[in-house]
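Handing you a structure now.
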Amino acid sequence: MAELLKVENLRAGYGQAVVLNDVSLSLGEGQTLALLGRNGTGKTTLINTLAGATRQHGGSISLGGIALHKLASHERAAAGIGWVPQERNIFKSLTVHENLTAVARPGPWNPDRVYKMFARLAERKTNLGTQLSGGEQQMLAVGRALVLNPKLLLLDEPLEGLAPIIVEELLRAIARITRDEGLSAIIVEQHPQAILAISHRAVVLDHGTVVHSGSAEALSEQPELLDRLLGVARA
Amino acid sequence: MSTDQIHRNDADTVLSAQGLVMRFGGITATNNVTLNLKKGARHALIGPNGAGKTTLINLLTGVLQPTEGRITLEGQDITGLAPYLRVQRGMVRTFQINQLFDSLTPLQTLALTVSQHRGLGTKWWQALGRNKQVAERCEQLLAQFHLTEVMNQPTRVLAYGKRRLLEIAIALACEPRVLLLDEPVAGVPAGEREELLQTVAALPAEVSVLLIEHDMDLVFSFANFMTVLVNGTLLTEGTPEEIANDPRVKAVYLGHGEEAHHG
Amino acid sequence: MLTILFDGIAYGMLLFILAVGLAVTMGLMNFINLAHGAFAMAGGYITVLLMQRFGVPFLLCLPLAFIGSALLGGVLERTLYRPLYHKPHLDQVLFSIGLVFMAVASVDYFVGSTQQIIQLPEWLKGRTELGSGAWMLGMGHYRLFIIAVCAALTVGLQYVLGYTRFGSRLRASVDDQRVAAGLGINVNMVFLTTFAVGSGLAGLGGALGAEVLGLDPSFPLKFMVYFLIVVAVGGTSSITGPLLAALLLGIADVAGKYYIPKLGAFIVYSLMIAILIWRPQGLFVRKGGK
Amino acid sequence: QDNTFKIGLILPMTGQQATTGRQIEAAARLYMAQNGDTVAGKKIQLIVKDDTSLPDATRRLAQELVVNDKVNVLAGFGITPSALATAPIATQSKTPMVVMAAATSSITQASPYIVRTSFTLPQASVALADWAPKNGIKKVVTLVSDYGPGIDAEKYFKERLIFNGGQVTEALRVPLRGPDFAPFLQKVRDAKPDALFVFVPSGAGAAVMKQFAERGLDKAGIKLIGTGDVTDDDQLNDMGDVAVGVVTSHHYSAAHPSAMNKKFVEAFSKANKGLRPNFMAVGGYDGMRVIYEALKTSKGQGGGDALLAGMKGQIFESPRGKMFIDAQTRDVVQDIYLRKVEKKDGQLYNVEFDVIKDVKDPGKAK
Amino acid sequence: MNAPQQSLLNDSRFRPWEPVLWLLAFAAPLLVPSHASIINEIAIVALFAVSLDLILGYTGIVSLGHAAFFGMGGYAAALFAKLVMPDPLVGLAVGIVTATLLGAACSFTIMRGSDLTRLMVTLGVGLILLELANKLDWLTGGADGLQGVVMGPLLGTFEFDLAGRTAAWYSLTVLLALFVLLRRVVHSPFGATLKAIRDNRLRAMAIGIPVNRKLAVVYTLAAGVAGAAGALMTQTTGFASLDLFEFHRSADVMLILVIGGTGWLYGGVAGAIVFKLMQDALSSITPQYWTFWIGLFLVVLVLVGRERLIRPWTWFSRGGKS
C-alpha cells in the first residue's frame, strides 16, 4: 500500500510556545489513523498544523510526495487536505449550501452527495450557519471537508454533539469511504473504542510527543495499555 | 395526549409548556410540544440533532417567542414575560455554546451575578465587593467549580474546560429553582464529566433540572425521567428504563450497537 | 414632479456608486473604513487633473479614475489596512479617520483648497424634456448618463456577488479567516481584490460625482455621513439593500427640498432614524430559511 | 520686545472655509511686503492661527493671543459666529478687532472695538435690488444659504426690491451643507420668475451656476443675479461659459479698472503662484492698511483706544476703489459695483458696468 | 475579609498616582498661567469624553451624536444666563437637567440594532437637534450664535477673568466632582452590570439583568454629564453657537476617547490632554496643514499600538502577538 502522509520531526505551537515536539508519523492510502491522547496534549495542534493553521517551527510534512510544509494554508486544500476543525467553525453568514459551494473542488464529492449522506442538511439548505442546531453544524463541517475532495481527511472530534445514531452512521460512512474510495483519514477522539474499531493505525500523544504508535486493532485489544496511555488520572 | 397532560398539570409541576409551536419561516422547529417539569425532577430531554431541543429551551427562557402555545412557571403564565424577569423568578439556563463576559474575570462575573440576583444590581454608590455575603457566596462557588486559581484572569484567556465550568457556575450563582442545562458537558474531558454532573445532581432536592445531552451514559445515570423529542414533536416520555427499551427511540435516536454510545 | 423623481433617482444612484464600495468593505469585510470618501476624492481629482492638465476626454477619465483609486486601494490594503482586520472597530475608526485627515491635508497641499470644476463634454450638458405641465419630465443628459452607468454597475455587481462563488468566498473569509484559508480559500487575495474594487468604485463615484456634488479637499468628510446612511439603512448583506437605500435617500432628499424646502435636512435624518428604529438591521437583511 | 507691534490673525486655514483664510493671509503678507514691516518705529509681527471655523476655537485663540502674546490688534474672522464669539474679548481687553471677511451686518454692533474692512451683505444686495427693477426684472425668486449672511442678503434684497416696485415670489433657503441644488433650481424653474437672486458662500457658486444652465433655466428666460460671492474671482475661471453674462453686485472685482488694482492683482498673483485675488483678499489687504495707518496716527503708541481712534474715519483709495471707515458705525462705506461676467483674453472676469457710490451698510440705518 | 472580596475591592481603590495627577491639574493654572484657557478647554473636553466613555467604553454603545447633549446643556446654560439669571452654578444645574431630560427622551433610540445602527441613529438625532437649533433662531440666534451671554461671578465672588484662570478652576472642579461620581458608578454592581451588557447581552439577560432599562439609565446619565460639559463650554466662553451640536464635535470626542483608550475613565482625560495639546502645537506651527500630522499620529497610534507607542524601545523587537 502506497504511503500517503509522512510527517517527520514536526515541531509546532502558538506564538513562541512550542506545543508539539518531534512528532513523526506516517499513513498509507485508504488508511484511517486514530489520534488519541488526553486533554491538552496537542491533538488539535497537530491537526491544525497539518492544515496550516498553526505556526510550524520545524520538521517536514509530505502528502503524496508534495512538501506540504512549504505551502500556504490555502494551497494545502488543493494539495489534498480536508479539514474538520474542532470547533466546527461553520461560516455563519453563509447558507448551508453556500458553505459547501464556497469551498467545493471538482471530484466525486459534491454538495448533492453530502445531502444524500446527511438528509438533515438537505432540509436545511437555505439556513444560515447560525441557524443550525449544534449537531447540524457538525454534519456540515464534515460535509464541507468532503466536498474539497481531499486525499486526507482531518477530523477533529467529529462525533461531539451528534446523536448516538448519527455517530454510528458517520463511523460506518468513514469506514466505507476509506475502503471504497482510497481516502485516508486522521480522526481525533476522546472516546477511543468507537474509532479504534474502524481505524487501521493508532497514535497516542502525550505532552506533544508520540508515546505510542501501532496498529489500531492491537491497541483496542489491550485495554490496560490504553488505560495507562489515556488514563483518567490527570496531572 | 395533550389535553390529558394539561390536566395532569398538578401541584408539583413547576414549569409547564403547553402546545408550544415555533416556526422559523417554513421550518417548524417545535411542533405542539407539551412538557411538564416536576418539582425536584432530574429530567432529561433527548432527541436527534435538530429535533428542537435547544429551541425548546430558548422558548422556555424567552429568548424566542413561541408562535403558539403557553408557558407557565409555578402556576403563573409567563409566555410573554421578558427573559430577565423569568430569571428573576428562578428559571435559569446554561448555553450549548458558552456565553460569557469575556473581559470580566470569573470572580467579577460571579460577584456581579450574585449581586444582581440579590437585588443589588442597581446599587451605584457602593463598590462591587463591598457586600460581605456576596463575597462569601463567590468564594464558595469558585471553590466548588475549581476556579479559585484563575479567579483574577480575564475570562477570555481561560482554557475551554474552565470556561465551561464558569458557564455552569454562573447559572448556579443565580440560585435557580428551575435549571435548564443545554449539553453542559460538551467539550469537557471525559473524566471531568461525571464530576460536573454530580455537582448538578447535588443541588437541593427542590430544585428542578432539565438536561439536554447526547452522552447516553451520563443521561441514564443522571435522569429519573426522560422526554424524547423528534422533528419538533414529542415522541414519548417515561422513566430511563422505558426509554432505553423503546424500539421507536432506538430507531430514531439511540441506534443499535452499544459502541454507538461514545462514552 | 416626474422631473423631481428623475433627479432623485439620479442623485440616489450617484450616492449608491459612491457608497457601494463601503457597503462591501464594511458589510462584507467587517472593516469600518471611514476613509472610503478619500478614495472617492482620489477618483475625482484624478479626473479633474487629467482633464485640466492633460486634456484627457471625460469618458476616458472614468475608467482611469476607477483604476487609479483601485490601485491606491490595493497598495494601501497591502501595506496599511491588512494588519488592522483583527483590531477592534474603534481602532479601525481611528486609523481610517487618520487617513482621511492626511488625505485632506495632502490634497490641499498639492492641489489647493479651491473647488474643482469639471467641464463636461457637450453631449452630456444638454437636457431632454418630455411631456408638459405637472407630468413634464426633464432629464439632464448627465444625470441620465449617471443612471445608466449605475444600472450597469448594479447588474454587474449583483452578478459577481450573487451568482459567482466569489461572493460566498468573501463572506467565508470574513467569518473565519483561519478556517477559510484551511479550506482552500486564498483569503489575502480575496480581501485584496475586494478592497481594490471597492476603492475603485468609490473612485468612479468620485469622478462622476465631482460635477454634481462639487470637489474640494474636504470631500471625504463632507459626504461621510451620507455614505454611512446608505450603508446603515440598506443593510450590508446585499447589493440591492444599499441601492434601494440610496434611491430612497436620493428621492427623499430631492423631493423634500422641492416640496418642503423649509424642513431641509430634517427629512433625510428623520427618515433614517425611523427606518433604523423600525428595522435595526437595515431595510434588507440577509435571511436564511424560507 | 516693546518695539514690536503684534497682529493676531485668526482665520479658517483648514476645512471648507480654507480658501478664505489663504486669500486673506496672502493679502496681509503682500501688504507687509509692499509697505515694510516697520511702522512708526515698531516692528510688525503677524501671528496666524487656524480656528477651523469653530467659534469657540476662535474665541480661545483670541483670548490666548491677547493674554499670552499681548497682541495689539486682532484681525481676520472668516465667519460671522467667529467674529461674534470674539467680540466680548475685544471689549474686555480693549483690543481693536479688524473683521476682514465676515459679512453679516450686525457684527460691528457686537463690540465698540470692531472695525470692518470687508463688506456687508445688505450693502451688496441692496445695490442689486436697486438695479434690477430698472432693468426689467420685477419678479424674483431668492435662493440663499441658510445662515446669517444668507438671511441678511435675502431680507435686504427683498425689502429694497419691494420698495422699488418689484416682487419676490418665493424665498428659498438651502442648507449650508446641501450638496445638491437641483430640487431648488427645479422649483425656481417651475415658478418662472424674471430672475433668480442667489447668495451662496464662495465655493458653492460654481455648482449653482452649472446646474442653473443644465436645468435650462437660462433658456427659459430666467436671469441669474446675485451678490459677488457667486462669481467669486477665485473660481470664476473654472466655472466656464455658464458664468458668462451673470450680473452680480459687489464691492470688488479683480478686473476693477484702476492703476492701484492692477498693481495689486499683479503683485498678488506673482507672490502666490498665479492665484487671482478675490474680495476676501482685498478685505485682508485693506485691513492691514487700516491697522498700519492707525499705528502711524497714534504715533506708534499701540494702545487699544488710540489705535481705534486712528482707524475710525480713515478714507483711502483701495484696490476696490474709494472706501472709508464710518467713524460712527466703524463699518466700511464703499462703492458697490454692478458687474457682468465677460471673457477677456480667454479669461473670465467680473466687468464693472455701473456703480452706486458710497453705500453705507443699510443694516445700520435702523 | 476573604480573598475574593479583597481582590474585588482592589479594583475600585484609588491608586497613589491619582491624587498627584489631580493636584497637578489644579496647580496647572498657576504653574502655566498663560495657558489657563487651554487648560479650561481640556478640562471641558475631558469631561465630555469621560461621559462618552460611560456609554462607549463601559456599555458598548457607539454614539456619533453625543454632541446633541453637549449642545443641549450648552444652550440651556447660556439661555438661562441670558434670560433668567447669570449665576454659573445654577446655570450648570439647568444645563445638566435639560441634557438629562433629553437623554432620557432619546434613550429609546439606542435599545435595538447593531453598532452601525446605533451610530447612525445617534448621529441623526444630533443632526436633527442641530437643525432645530438653527430653525429656532428667535431663541438661539440661529447660525450666528447666541450672543449677550454674560456670566456672573462664581459663588458670587470669583469673576471670570480674561486670562481664563477662574474658568479653568471652575471646569476642573466640575470635572473632578463628576469624575469621582462616575468612578463610583463604574465600580459598583450597577457598573458591573453595564460591562456585562457590553460583553454579552444575551448572557446578561440570562442572569436577570433588565438590559433595556440599564441602557436607558446609563444613556441618560451620560447625557447629563455631557450636558455639564456643554454648559461649562458656553459659560466659560460666554457664547453658544450651532457648532456645539455639530457632527464633527461628536466625532472629535470619540477620537479623543479612543486615543486615550476606552473603558477606564482616565482614557477620556488622557485623550483630551494629548489631542488638544497636539492640535494646539501643530496648528500654531503649520496652521494650514496641521491636520496631516494629526492624521499621521492617529495612523501610527493604531498601527504601532497604544501600549507600544509609549514604549519606543519595543518598536523594533518583534512583538509576540503580531
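By written order: A, B, C, D and E. Residues from 1 in each chain.
One rule holds in what follows: a contact is a pair of C-beta atoms (placed from the backbone, for glycine too) under 8 Å apart; a residue touches a chain by one contact, two chains touch by 3 or more.
Small disclaimer: the values here were computed from a predicted structure and weren't measured.
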Furthest chain, CA centroid comparison against chain E: A
Chain whose average C-alpha position is farthest from chain C's own: B
Inter-chain centre distance, chain C versus chain E - centres from mean C-alpha coordinates, in Å: 32
Geometric centre distance via CA averages, chain C-chain B, whole Å: 48
Distance between chain centroids, defined by C-alpha means - chain A, chain E (Å): 52
For chain B paired with chain D, centre-to-centre distance based on mean C-alpha positions, whole Å: 74
Multi-chain contact residues (two or more partners), chain B: 24, 27
For chain D, residues that touch 2 or more chains besides their own: 14, 18, 22, 146
For chain E, residues contacting two or more additional chains: 288-291
Touch list for chain C against partner chain D, complex: 3-4, 7, 11, 104-105, 108, 113-117, 119, 125, 127, 129, 138, 140, 142, 211-214, 216-218, 222-223, 226, 253-258, 261-262, 264-265
Chain E-facing residues of chain B, complex: 61, 63, 82-85, 87-88, 92-93, 95, 99-104, 107-109, 111-113, 115-117, 120-130, 132, 135-136, 138-139, 142, 151-152, 170, 173-174
Chain C to chain A touching residues, read off their complex: 165, 168-169, 171-172, 174-176, 178-187, 237, 286-290
For the chain E and chain D complex, residues of the former touching the latter: 34-38, 41, 134, 142-145, 147, 162-164, 233, 237-239, 241-243, 283-284, 287-291
Residues of chain D that touch chain E when the two form their complex: 11, 13-14, 18, 21-22, 48-50, 53-56, 59-60, 63-64, 66-68, 80-81, 84-85, 87-89, 92-93, 104, 106, 110, 146-148, 151, 176
